[in-house]
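Next, two complexes with subunit A in common: one pairs it with subunit B, the other with subunit C.
Coming up: the complex of A and B.
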């Protein structure tokens, strides 16, 4: 029996696990162990030094999965170095003596059905296409629902009256989602939990601080890699706006590019790869829509975002909004992050008071 | 009894303490080396402050800042624990309400704070490298066999400072050794070092920031006349260095402490206080968090470093 595994990103292991375990009957899906300091240590040890940090995290998880006897690893790709992750990681893992295949399901940022069909046949030649389509539909819905609920949490978690109520309910929801069987059940569960989330009591003052988080996709979506930035911001009672999530990347990004380009045509003409253009437009949006500050996060050596940073700086100084830049690496000092965040918060408070 | 407020700034190299009264006048201050032991340094600092403080004053509130702010905040039961960026800005604004730019070079970090109409607009802090900070200067001073305090005077004597590759501390040091072995005069090398600190600061921390006067330069390095001279030369602006520039962080946190007084009175008597930290590594999961437990008079007051929140 073949065993497949995939690296972590936020809570998305639940829909991914759902999809893979339903499409392939004769394969076992291995749940990757949670990302810990050991994961990043392993990843850093075997990665090229100046590669972006998501490579190190995913490589670390892959090694941990291979230790659990996985045969096939699934990786995604994007419009930057991310697209080369799969072949390079396969090469590294082979050199380490593991026997495995790394499949890149989304190459060059575009999901191509014919290509995916070919790849899936590599895993199981007899898989059913109709079943695959049906379960993909449910999976994408699940991703959408999770993202909607996450957005609601982000806007409200800083103002909860009873501490931890959002987090506890979300954990409950994730457990329920991981046992879903069909679409009807999914929809019913989602509605039930959405109701429950809306019922959590919050105290939202009118003059609350609002912050937008923009930046590189993996670092934004994997809380371990950004040192639980959103959690820390919530402790300061800040409303958080975040654009990037999997639903956006899969279904909205391609459509929105033209709109973004028109919206921020004063700032860029050509596509800069990955999410750079999106982030420039978002920065303008945040400045124009009454947000108090912007936090831009990326992993070290992320080239598209490095290109976007001076432009973001320019937009922010035109609109007189403060921006805080973070570059996360495997060797980032947590104290440094805390000091800067604290100072950023103090600054926003002072600006608000005057 | 008159009321007064204590602000302590525990930096990587030096520990500063300031006591102010209700009108932000400095009653007394002290400045000692941290020497890698913040707890002992603060105990010594308080001893000095105690002897200097006139009898009619009573401390109403304590604030801590600097890299050991949390630890000392716990030890003294401080009413405010704030980061050094805010503390420096507040401190400077109390004396210079019109300031637009604060340049700060401390022992371990350097920052730039941009201010408009008395509000912080933006700030930046050095990220990865220690080149161009006080600890770099003090280690080089030791290599050259000169007291850091005299560095500035040496630098002013020089007519043509040597160029030193100061992008990185390690390379700067090897370049410095090379220049010394080739036979350059000590003054020229020291002046070159001071200049390289300025250039490094402006290229690293000050990158992309508009530096508008009035400019105030502070932090321990501001006491170095050589660095001040080259800042003036390169920025072509006047640089204000306050006589208390090294104490600004402590003054700022004292002002914040004044705003946050709790009503209780603090004593400077800490000789008998037993303050201990115990470090251990947790092996419950593969995160292997390094944990630090803090005991105040043998009573556990806090523990830090846990990722999962168990401790």
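Coming up: the complex of A and C.
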């Protein structure tokens, strides 16, 4: 029996696990252990010198999965150097003495159905295409529902009256989502939980602080890699707006690019790779719509975002809004981040009082 | 008459000859920034973001030098040469970064062969922006392109002949904008020539041959300039004695493509990374020991 594994990104291991375990009946899906500081240590040890941090996280998780006897690892590709991850990781793992295959499902940032079909046949030659389509439909819906609920939580978690009520309910929801069998059941549970979330009591003052988070996609979606930035912001009673999520990347990005380009044509004319152009447009949006501050996060050496940073700086200075830049590496200290966040929060409070 | 400024960095090493011939034929005056010196590099470091790659910092320094010496500055944007032939994302963003950081007139064109934006269209656009007539531009373009084709053919022949020489041969795997730059890579070339070593350049092979060969080492490669480099390695691996990898500090494509090449080749190699604070003495020691190891003429 072959065993499949995939690296973590936020809570999205639940839909991915759902999809893989339903398509392939004869294979076992291994749940990767949660990312800890040991994972990043393992990843850093075997990575090349100036690689971006997601490579280190995913490599660390892959090694941990291989120690649980996984045979096939799944990796995604992207528009920047993200697409090179899979071949190099396979080479590194081979040199370490593991026997495994790394499959890159998306290459060059565009999902190609023919290519995916070819790769899935490598895992199980007799898999049913119709079943795969049906279950991927449910998975995408699940991702959409999770993203909608996450957006609601982000706006309200800072103002909850009973501490931990949002987080507990979310954990419950994730457990029920992982046991779902068909689309009807999924929709029913989603509606039930959405109602429950709306019933949680919050106290939202009118003069609350609002912050937008923009930046590189992996760092923004994997909470361990940004040192639980959103949780720390919630402790300061701040409303958070975040744009990037998996549903956006899969279905909205291509449509919205033209809109973004029109909206911020003073600042960029061409696509700048990965999410850089999107982030510039979002920065302008946040400045124009009454947000108090912007936090830009990225992993260190993320080339597209580095290109966008001077332009974001320029936008912020024309609208007179504060921006905080974070560049996360494997050696970043958590206390340093806390101090900077605290200072940023104090500054925002003082600006608000004026 | 308006003068055009050409920064001697990044795109210059790919298109300088075409630009010069084209502008010469149209009788448009142009200024080329001087060879990189410490002053230009410092200017670039001041303006740029501290995490940008050294080559881009250098480029911004050149533009800063040129900004009050001419009316237009030529900054192209290169996205891809057909499918699976991307360039680095810094090449995509260079135009927008320059436009936002400096308050200057930018002369630009876009190369995106997937959407039919070719070099020809780009040069026509530039000619029109400089108020030249259509038939003059057409002649100038033909003149420039024919000359360039001859030059490239000559380079191919010279590089192939170098492979047959009896001296110690070293392949330098690098991007031309790092290798030929006065501050970044020129010292290394000078040192190797002084020690009587035949240098073979990766960018002077025929890309039609090397790009296909690159699949031997790396299957899913989609950066055009990495394809040139790795293809050249595959083409002449058994004809050379050693390989030097040369890259600027946080170079995105090189960090992955070179790493894979290093794991697959069987020849001795040296990996040099140029930093903004690195001195040549440090590099010299490493080069010397590498040549010692190859058993070059330095041993005699």
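Just a few scattered comments:
Keep this in mind: the second predicted complex is superposed on the first by the 354 of 354 C-alpha atoms of A that agree within 3 Å, B and C clash if a C-alpha of one lies under 4 Å from a C-alpha of the other, contacts with A are read in each partner's own complex, and residues count from 1 in each chain.
Going forward, a residue touches a chain if its C-beta (ideal position, glycine included) is under 8 Å from a C-beta of that chain, and two chains touch if they have at least 3 such contacts.
Treat the numbers as computed from the prediction; the structure is a model and nothing was measured.
After alignment on the shared subunit A, the placement of subunit B and subunit C results in a side-by-side fit free of clashes.
With both structures placed on the common chain, the touch criterion links A:320 to subunit B but leaves subunit C unconnected. Applying the stated contact rule after C-alpha superposition, one finds that A:130 touches neither subunit B nor subunit C. Judged by the touch definition given at the top, the superposed model places A:37 against subunit B, while subunit C stays out of reach. After overlaying the two complexes on the shared chain, residue contacts for A:113 are found with neither subunit B nor subunit C.
When both complexes are overlaid on chain A, the residue A:95 reaches subunit C alone and has no touch with subunit B.
Once chain A of one complex is fitted onto chain A of the other, the partner contacts of A:273 are limited to subunit C, with no touch recorded for subunit B.
In the superposed model, the angle subtended at the C-alpha centre of subunit A by the C-alpha centres of subunit B and subunit C comes to 80 degrees, rounded to the nearest 10. Measured by the number of subunit A residues touched, the leading partner among subunit B and subunit C is C.
After overlaying the two complexes on the shared chain, residue contacts for A:339 are found with subunit B alone; subunit C is out of touch.
In the superposition on chain A, A:310 makes contact with both subunit B and subunit C.
Measuring only between alpha carbons, the smallest separation of subunit B from subunit C in this overlay is 6 Å. Counting contacts by the rule stated earlier, residues 310, 327 of subunit A appear in both its interface with subunit B and its interface with subunit C.
On the side of subunit C, the complex with subunit A involves touching residues 48-49, 51-53, 77, 79, 83-84, 86, 88-90, 92-93, 95-97, 99-101, 110, 218-223, 249-253, 255-257, 259-260, 263-264, 273.
Contact residues on subunit A toward subunit C in their complex (touch as defined above): 48-51, 79-81, 83-88, 91-92, 95, 104, 107-108, 267-274, 276, 300-301, 303-304, 306-311, 314, 327.
Interface residues of subunit A, counted against subunit B in their complex, comprise 33, 36-39, 310, 313, 320, 322-323, 327, 335-336, 339-340, 342-343, 346-347, 350-351, 354. By the touch criterion given at the top, residues 67, 82-86, 117-123, 125, 127, 208, 285-289, 307 of subunit B touch subunit A in their complex.
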